[in-house]
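Shared between the two complexes below is chain A, which has chain B as its partner in the first and chain C in the second.
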Partner chain A sequence: MTWTWLIGAVLFLILAPLAGGLIAGIDRKITARMQGRVGPPLLQPFYDVGKLFEKERVVVTTAQNFYVLAYLIFIALSGALFFAGGDLLLIVFAFTLAHVFLVLGAYAAHSPYSHIGAERELIQLMAYEPMIILAAVGLYMVTNSFFVADIATTAIPIILYLPGVFLGFVTILTIKLRKSPFDISTSHHAHQEIVKGITTEFSGSTLAQVEIAHWYENVFLLGFVYLFFAWNPIIGIIAVAVTYFAEIFVDNVTARVRWQAALKSGWVVAGALGILNLAILSYMMTGGA
Partner chain B sequence: MQTLLFLILFPILVACLLLFVKRTALRYAVVTLSALAIGGASIYLLMRYAFEGAVYFAAPSETVSLAMVAIEMGLALFIIYMGAKFRNYLAIVLAVIQAALVVYLETTFSGNLHAVNNLFIDQFSIIMALIIGLIGSLIAVYAVRYMETYHHHHPEVRDRQRMFFFVIFAFLAAMFGLVFSNNLMWVFFFWEVTTLSSFLLIGYSETEEATRNAFRALVMNLLGGVAFVVALIYLAANEATSGGIELSSVLASGDTAVVLIPAVLIGFAGITKAALMPFSSWLLGAMVAPTPVSALLHSSTMVKAGVYILVRFSPVFAGTFAGFSIGLVGAVTFVVASAIAISQSNAKSVLAYSTIANLGLIAACAGVGTYMLVWAAILLIIFHAVAKSLLFLGTGAIEHRIGSRDIEDMEGLIVRMPMMAVMMFIGIAGMFLAPFGMLISKWAAIEAFVQAPFGLVFIAILAYGSAVTVFFWAKWMGKLVTVTRNQEKVEKGFFQEPWAPLYIITGLVIATVLLFPVISSMLIEPYVLAIYGATARLGEANVAIMLLMMALLLILPVSFLLFKRSAKRLPAYMGGRTSTPDLHFAGSLGLTREAQTRNYYLNEYFGEAKLFLPGAVVCAVLILASWVLAGVAL
Partner chain C sequence: MAFLKRSPWILHYDASSCNGCDIEVLACLTPLYDVERFGIINTGNPKHADVFLITGGINEQNREVVKNIYEQMPEPKVVVAIGVCAASGGIFRECYNIVGGVDKVIPVDVYVPGCAARPEMIIDGVVTALGILEEKREKMAGAAQTKESARRAAGEST
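After this line comes the complex of A and B, so read on.
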């Protein structure tokens, strides 16, 4: 057996924080330009996280550190599994496990603000989960495999079979990237936040871990976007860039919605775009065409 | 065969013995010893028959069958008596109909009622026997001390513990009988015994509510029982093609159209017993019973009999529209019950809705019935039994200590009852998180539905259903792990003995995950292979990753040591006001106020009032559709 899968995992574990931090830097720069500001230096996210590690250790309860560490580990694990070419469903479930740990960390702190953040994070989880499962199933229906290794090396232009699923996925990607209008549990923008939502009680190195986990997560999610275009790497990379730019744009032109709207949006796109797309696809495959 | 007979007859002996035991200490000894014997015998069963495939036993027929009919008539008389006493005429009517049908069957078709082999054992029966023998008897052990405390707390309830334990052990015997019987007449007999046992247990406290709910359970299950007898009559009447009343020959019958009708009728009996919608209300009402009864009904007995029979008949359902329809009943039940669970704050009712949801999922797998789905269904049965019994027993113990079964009152349990909180945590993780059991099964179900014809309908339902599942479990978990301040530990003082079963079951929750590849390859795969000629399994790489995740989860708590030395502690942020760690803050006018945190229940969207009726109507229509479709197929 080959060891290439291990290389993918190790490369992800080492490079993803760098890539994720850079993406965050670019993101802030573009956002600033959209708002008519100069914006911070490209490497500012690294400076921020570096500084967080220098801070005094302050907690509400020590248990919160444990859950955040578990969150970081399982986010990294699910991303590593993804880049090792593992089973997409298992990756999705590991990903859910990671987020449950973050939520538990916020609960453990027993603080009104982080409690509300935790509840909202759970609502987000509930909002995006159907679509993410349908996306995995859609990829399976086209490529006949749940394994990322097979999906990524396919010669089939998946996007042509799954345009609806892709649009649905991009919608819930907004939730996952913590972008407006669906950044209901915690936001990058100070102007629409209830204190700091789920991360209210995390500080110093713990908050830095949350940030690094978010970088890992973003790289993994962009990898997921890439799968839809995997038959042609150049188009794939362009598509990922365009998608991310579109997310930044949406982030800057919308205001946060209420949780009801976030939940409904996630569920409606899963139903209207995801299921419909898959239904047509399965009709075509089983004999319609 | 001796082991089988032992497992059926020994609990009956114990039951009779317990009728005469009055002192708790003595009862504890008797129950513990018998639990050891029953558990040991079921493990012996595993070692003896695991590698032999299906083995059939002739077993004495004539006298036993006659005795069973006599007992059935006695039970009918008892139901009529109880119905008359509490003026529940529907129960009387159903009992009379059922008895009349049995008499009709015995007299008209007496020639067709002989089975060559009355008893049998195969891997699926072994799994069921292990669940009943291990989980069921552990619950019985727990129940002894629980009931003692129960009567302390509820002096108004008449102490009928001797009857209580008699019924519990009779129940276990009936469950063993049910899963070992190859003669469908016998299956039906044991089926009826479980119905009556649950009736007696639910009504234990003799309050008006308990009696009402007990009768509701009785009526709904009798309805299923009537369908069961009709199926038997149909089988006996068409003996030439249907295979008569022998389970094995019915399943082997080539004439699927003829067999489908009784299969759907027995499936209907399974649906009532498994409390799928629209029959869920009996299981919800059963909450009024003492907690060990709920644990028993939900995990190892009763509802598991319902899904057992559905899974048994799933080769008949496979590929038929009637079966698809039954599968949809399960799937709709799964998503609706999971959604309603969000709106519940009573721990027992969350657990009840979650049970209903998972039974729905099992039924969905059984109804569609491809080999991969049967594999997934059996996995679900195992993992659900283990995790759910732990959660019920835990909830019972917590209720005795903190005086409430409301999830909001379990806030900070990790501080007040650390051991208990950890066990509940593991139990809940077992219900919905990777890499624990229920998630493995759900995963398997998704993979299987992708490949089933029209499986997309189920995938869509499963996607939404599993999303809401995460929500209601995670917020409960959150309440448990909240670290509250200035609260005292209340763990000590509760009778310590009932905790032994809890420790063992907690161990089982983890062990079933670690041993899952063995369970699958040793028991489930050979069973599926024998029936379908093909079997499913999880890829080796995935199993390895699951085990890795499990290992990580077991190691992670060590990192607590890292955090011990660190960090200054500050009170939570309260909008900048001066505050204390127990969430008191300086309000205006110099008053100190207290802040509280409460979970979302989203009643407006997921309330019982909003969802239950539509769900029940859809399922009722689907059940009718399954009958029509089975009729059309003929």
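After this line comes the complex of A and C, so read on.
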């Protein structure tokens, strides 16, 4: 048993908020340019979070602070497990548990907007969960291991075996990054539709924790995208950048859909792209033997 | 650290404006003026807001609403009254249902004149408000520090 896995986890815990904040800054800048605006400074997300820690702590239901902290811890834990090369299934379940805590936090407050946001977050969870698990299964079928350490060091070009799974994963990535057309629970761009959805009742440092958790989450998800291209690090990094740029582009050119359409899209890509891809792959594997 | 000045989130409320000033407030968010350059975001949520922009005079039906929104905003916060109606009631001041300017209900920090107020004036008003916001933050941090040191002194003596 070596201690090298610990280095990945510690580096993730320290560097991911910095990387995540920078990615958010670049995201806002590119979005502004796509809309013909100058846009905020690159470090704006850090100013926002710093500001939130300076604000007064206004909490109606103190339980929500506990849930949001649990959300942050479990997101950071699942990301740390990922970068430590841990078991993909455990990571996916820790990741889901984190979002359950966020939903519980939103339900703890007595606000109809917060409740609608929480319900929509549950719907999103239902929409993307099958595809994430199929992605983990697909990576296992190709590399014969659920461990990220093995998948990341494989010499097999996974993307060639799992193009459908990858496209499905990129689709649900739009849900996970809280981007249009699936930005239904936080109402991030449609500010006044359900006030602020799931984050309506979180303010000050609690909201800052949600934001930091989102940075951790984004870095973890981009790491997941990298796994599909892990056989060649250069192609991998380019693929991650292109994927994120495509997400920003889609965010800017699409209108938001209703929750029914979000749920259907999540399941249709899981069924049509994910399961079909895995079925063909398993047929080819058994057929060859 | 003064992050507050660099990331003021705005809440916009139409008290009983004719929509003239409202359109001008929203114009500030368009690509032409793009106030997001200064980190300004238009939130729809009082609990996330730092700057409260009100257009129009207060009427009998929304005075409670305005008070409620103001109280929901966490400290430090500033109020900017936009347009002459928000300052004094404007041409509506004689109406049977108008209470008067915004300062009849909540404390106002900055008055932006005009009918309708121009986007440049609104941005100028918000920038002035940011100075006041920073003063309030320092005062709040100072008060918290005094309280903390008093508590520590009391803890040591007992």
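The criterion applied here is as follows: the second predicted complex is superposed on the first by the 281 of 289 C-alpha atoms of A that agree within 3 Å, B and C clash if a C-alpha of one lies under 4 Å from a C-alpha of the other, contacts with A are read in each partner's own complex, and residues count from 1 in each chain.
Definition applied: a contact is a pair of C-beta atoms (placed from the backbone, for glycine too) under 8 Å apart; a residue touches a chain by one contact, two chains touch by 3 or more.
Note that the structure is predicted; figures quoted are calculated from it, not measured.
Trainee: Using the superposition on chain A, tell me whether chain B and chain C clash or fit.
Mentor: Once chain A is superposed (C-alpha atoms), there is room for both chain B and chain C without a clash.
Trainee: Just to be sure I read the superposition right, which of the two partners does A:Thr200 touch: chain B = first, chain C = second, or both, or neither?
Mentor: Both partners, chain B and chain C.
Trainee: According to the stated criteria, A:Asn232 is in contact with first (chain B), second (chain C), both, or neither; which is it?
Mentor: Neither: A:Asn232 stays clear of chain B and chain C.
Trainee: In the overlaid three-chain picture, which partner chain does A:Thr153 touch, first (chain B) or second (chain C), both, or neither?
Mentor: Neither partner.
Trainee: Check the residue A:Gln35 against both partner chains and state whether it touches chain B (first), chain C (second), both, or neither.
Mentor: The answer is second: A:Gln35 touches chain C but not chain B.
Trainee: Name the contact category of A:Leu89: first (chain B only), second (chain C only), both, or neither.
Mentor: first
Trainee: Applying the document's definition of touch, where does A:Thr4 land relative to chain B and chain C: first, second, both, or neither?
Mentor: A:Thr4 sits against neither chain B nor chain C.
Trainee: So, A:Ala270: does it touch chain B (first), chain C (second), both, or neither?
Mentor: first
Trainee: According to the contact criterion defined above, which of chain B and chain C contacts more residues of chain A?
Mentor: Comparing chain B with chain C, the partner touching more chain A residues is B.
Trainee: Could you say whether A:Asp48 touches chain B, chain C, both of them, or neither, answering first, second, both or neither?
Mentor: A:Asp48 contacts chain C only, not chain B.
Trainee: Just how close are chain B and chain C at their nearest CA atoms in the overlay, in Å?
Mentor: Superposed model gives a least chain B-chain C C-alpha distance of 5 Å.
Trainee: Taking the contacts chain A makes with chain B in one complex and with chain C in the other, which residues are shared?
Mentor: 56-58, 195, 200-201.
Trainee: Would you pull the chain B residues touching chain A in the complex into a rising list?
Mentor: 412, 414, 433-434, 439, 443, 446-447, 450, 453, 456, 459-460, 462-464, 466-468, 470-471, 474-475, 477-479, 481-485, 539, 541-542, 545-546, 549, 552, 556-557, 559-560, 562-564, 566-575, 581, 583, 595, 597, 599-600
Trainee: For a test of understanding, state which residues of chain A touch chain C in their complex under the given definition.
Mentor: 28, 32, 35-41, 44, 47-48, 50-51, 53-58, 191-192, 195-196, 199-204, 207
Trainee: Show which residues of chain A lie in contact with chain B when the two form their complex.
Mentor: Touch list, chain A to chain B: 56-63, 65-67, 69-70, 73-74, 77, 81, 86-87, 89-90, 93-94, 96-97, 100, 103-104, 106-115, 118-119, 122-123, 125-127, 129-131, 133-134, 137, 140-141, 146, 195, 200-201, 267, 270-271, 275, 278-279, 282, 286.
Trainee: Which of the residues in chain C come into contact with chain A in the complex?
Mentor: Of all residues in chain C, those touching chain A are 1, 3-4, 6-7, 31, 34, 36-39, 42-45, 47-48, 50, 72, 74-76, 137, 140-141.
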